[in-house]
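Given below, in the form of structure tokens, are the structures.
Same chain, two partners: chain A is paired with chain B first, then with chain C.
This part shows the complex of A and B:
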């Protein structure tokens, strides 16, 4: 299922560049703000929703998932080095599953660790667990979606940004119907249920969230495998 | 015995006019402006900029239509702030297109072997992006203005309309200056367009909830100064100060926000110049 060589190359492609360090301020900002709020003596009721919900699940998780999820395959497509991977006698499904596993792991750890720390600052280990599960669910759904996007279009990041900013950010607050297709809402609902907390409030019911998150993950993966099977190699175009 | 002969095959020096530094800057600016909108590029490169422009124009048309039925929904100055999200997306598409491709392609030495200086390159690109963002806001504003002029009666009312319209252009200019300088700086740090686009949006999206947090935990003064935490709210708060926008309580800290805009743009431009002093030596 998972090819260790491809996993190693993918991880090195992500971490081996200086640009990955540019992502580091995001998790640090999360912990720093939680510490600051706690030090100022504000109750978690006041800061948990904006920091954990607004910043963590609303901004840091999708942005990191976007950069990682489109980066694992997209950078190789841009470079044209994907040919070397495709030329090896490996099933395409194995390539996708490996890339997806790396993307999920990196995203879940990069976002999950600061979220758990912030959850512990906010109160309980239970909340921390809930946030960790939420991050894991989000990492799966977002990574599969963005991995599929990087194979469907030449500009996956811009489309992903439209999804995160316009669909989840703007329309999710205006039109209630769009929430049914918003990963951010699934993540919040699952985290609130597992963490057994009133600090976060999901607007989509938990069973729907779980089912839809699975649909996004499986659907994205299958679409990515299908697109990679008939992938045509081309250089960077305008 | 040597049989080598050198023939004169008529190589000549170029003696015509040399167009110089100013011409190069102007060309780079114009080319950058066209690139931002995907003009002279393939259809694919046009989709994104024109989609954002189209949505902004659509919002303007809807607002004009609503206004023709009754009272105006928002002032011209508020318009730029309310479509700021689309301006961010426009920047995320245009800024990497302007600078990241040159970085990735390694063509900067070719630019710098011309009379063009390093600062010229950076400033021409910045001017192009600022103009592009301003145009993408000012175009729909003009549409609203024309609609507004035809829905009022009498020269006095038209003059009032003009007086409303000018602050709108001013607010659009503030948005354009802040957004473009910040996003061009971020884009100049990343060679891949995709990464640059994500980082630009990250700067705006991640700082926005910080404002909410500071308002939630801070005292009265901190609450009025909390909008300094995000570039998009700094722009909006400056509009509150200069053009009486609604929806933000900044108390008497208006000049602080004005200063913050100037400081932010100056810092971004200086950092951009520093970046281009060192890149591709």
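This part shows the complex of A and C:
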């Protein structure tokens, strides 16, 4: 299912890029703001929703998933190194599942750890667990979506940002129908249920969230596998 | 436009099937036709894919390597379609023109990764053998980012050879190599061809093809213009009609003398000298000094006016 050689090369490529340094400030900001709120004596009721829900699930998780999800495959497409991996008798599903596994692991750890820490600062280990599960669910759904975008469009980062900022961020707050296709809403609903907390308000029911997160993950993965099978090298005719 | 078919010399023993077979293959991008109805089959030995820049060589190679779907026709590698069929890479190695490599890896790591991804039983031994073949053992533990263009190229060749494929496709493989590396790579490809491998390399440089391969496929404007033995095609090229500018100690007298020469089809007398049209390059260039000598005329300058590769190719297409 997963190829260790591809996983190693993917991880080294990911951590070796300067873009990866962008991942560090966001989690630190999350913990810093939680610590600051706590030190100033604010009740978790006041800061949990804006910091954990708004910043954590609304910005840090999707942005990091976007950087990582497009980095594991999109950057190899951009610089042409993907051809070396593709010119091997490997099932395309194995390549995609390996890339997905790396993206999910890196995203879940990079976002999950600071979220759990912030949950503990809010005073509840259960909340921390809920946030960790939410991050894992989000890591799967976002990574599969952004991996598929890398193969569907030449501008996956731009399209990903449009999805996160416009669809989830703006429309999700204005039009209730768009929430049904918002990974952020699934993540929040699952985290609130597992964390058994009122601090986070999910606007989509938990069963729908679980089903839709699976649909995004499986659908994105299958689409990515199919597109990779038909991967064409840009047709210069020199 | 018609295709010039030139039979190769001694007939090779028949193989059960060609390693690479193209049947009526075309590829277009919107309204632009990059490859136009090409049929060819390649068997063991080194074959040069020759053509001017933009002729469609890379498009053709990408289709053979399964990285581009033909818009029409069939591309088969070892009897199986190349498109959407990763199994062909068991028989095929590709060295693309774009020199992208994972530059954070060392040469050794890169070739070893290739061996592992091919699921070879002894990846380390295979990687070592491939690196030795391209003479990169001394620098194999340096990061690829520190390599020169020629070293990168050789490392890519090692990665493409690591599973000892029956078919090796190389797109402009000599770009960026110094003469010694070029010679070594030619020797390597030669010996692989002699050992029964099917090697196809593209080039827009006649001399490279001349040195390396007996068989060529000439592509011009997406069409297969000529195929077969290189020497026959070369003769066809050198025997084509040609235009020369000639200046001499007495242009008018030379013009009169040249009109008596059978290979000359026309002479124009101009201020700068003579413009001479010859039906046959070889005969004319041999006859000219003799004619001048016999007439007591001193030749000052003889310039072929359309020596560019493109004009050679377009002659092949027109013939």
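Criterion: the second predicted complex is superposed on the first by the 234 of 238 C-alpha atoms of A that agree within 3 Å, B and C clash if a C-alpha of one lies under 4 Å from a C-alpha of the other, contacts with A are read in each partner's own complex, and residues count from 1 in each chain.
The rule is simple: a contact is a pair of C-beta atoms (placed from the backbone, for glycine too) under 8 Å apart; a residue touches a chain by one contact, two chains touch by 3 or more.
Please read these numbers as outputs of a predicted model, since none were measured by experiment.
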Next item on the list: State whether chain B and chain C clash or fit side by side on chain A once the two structures are superposed.
Entry: fit
Item checked: Vertex chain A, arms to chain B and chain C (CA centres, degrees, nearest 10) -> 80
Note to self: One more residue to check, A:29. First (chain B), second (chain C), both or neither?
What the structure shows: first
Next item on the list: Pick one for A:168: touches chain B only (first), chain C only (second), both, or neither.
Entry: neither
Next item on the list: With both structures superposed, pick whichever of chain B and chain C touches the larger number of chain A residues.
Entry: B
Notebook entry, point to check: Is A:9 touching the first partner chain B, the second partner chain C, both, or neither of them?
Noted result: second
Next item on the list: Pick one for A:67: touches chain B only (first), chain C only (second), both, or neither.
Entry: first
Notebook entry, point to check: In whole Å, what is the nearest CA distance you get between chain B and chain C after the fit?
Noted result: 13
Note to self: By the touch definition above, which chain A residues appear in both interfaces, chain B in one complex and chain C in the other?
What the structure shows: 237-238
Notebook entry, point to check: Tell me, which parts of chain A touch chain B in their complex?
Noted result: 19, 22, 26, 29, 33, 36-37, 40, 42, 46-47, 50-51, 54-55, 58-60, 63, 66-67, 70-71, 74-75, 78, 154-158, 160-162, 164-166, 169-170, 237-238
Next item on the list: Using the touch definition up top, name the residues of chain B that touch chain A in the complex.
Entry: 41-42, 44-45, 48, 85, 88-89, 92-93, 189-190, 192-195, 197-199, 201-202, 205-206, 208-210, 212-213, 216-218
Check: What residues of chain C sit close enough to touch chain A in their complex?
Finding: 27, 29, 34, 53-59, 62, 65, 67-69, 84, 86-90, 92-94, 96-98, 100-102, 104-105, 110, 113-114, 116-119, 159-160, 222
Item checked: For the chain A and chain C complex, residues of the former touching the latter -> 3, 5-6, 9, 12-13, 16, 79-81, 83-92, 229-233, 235-238
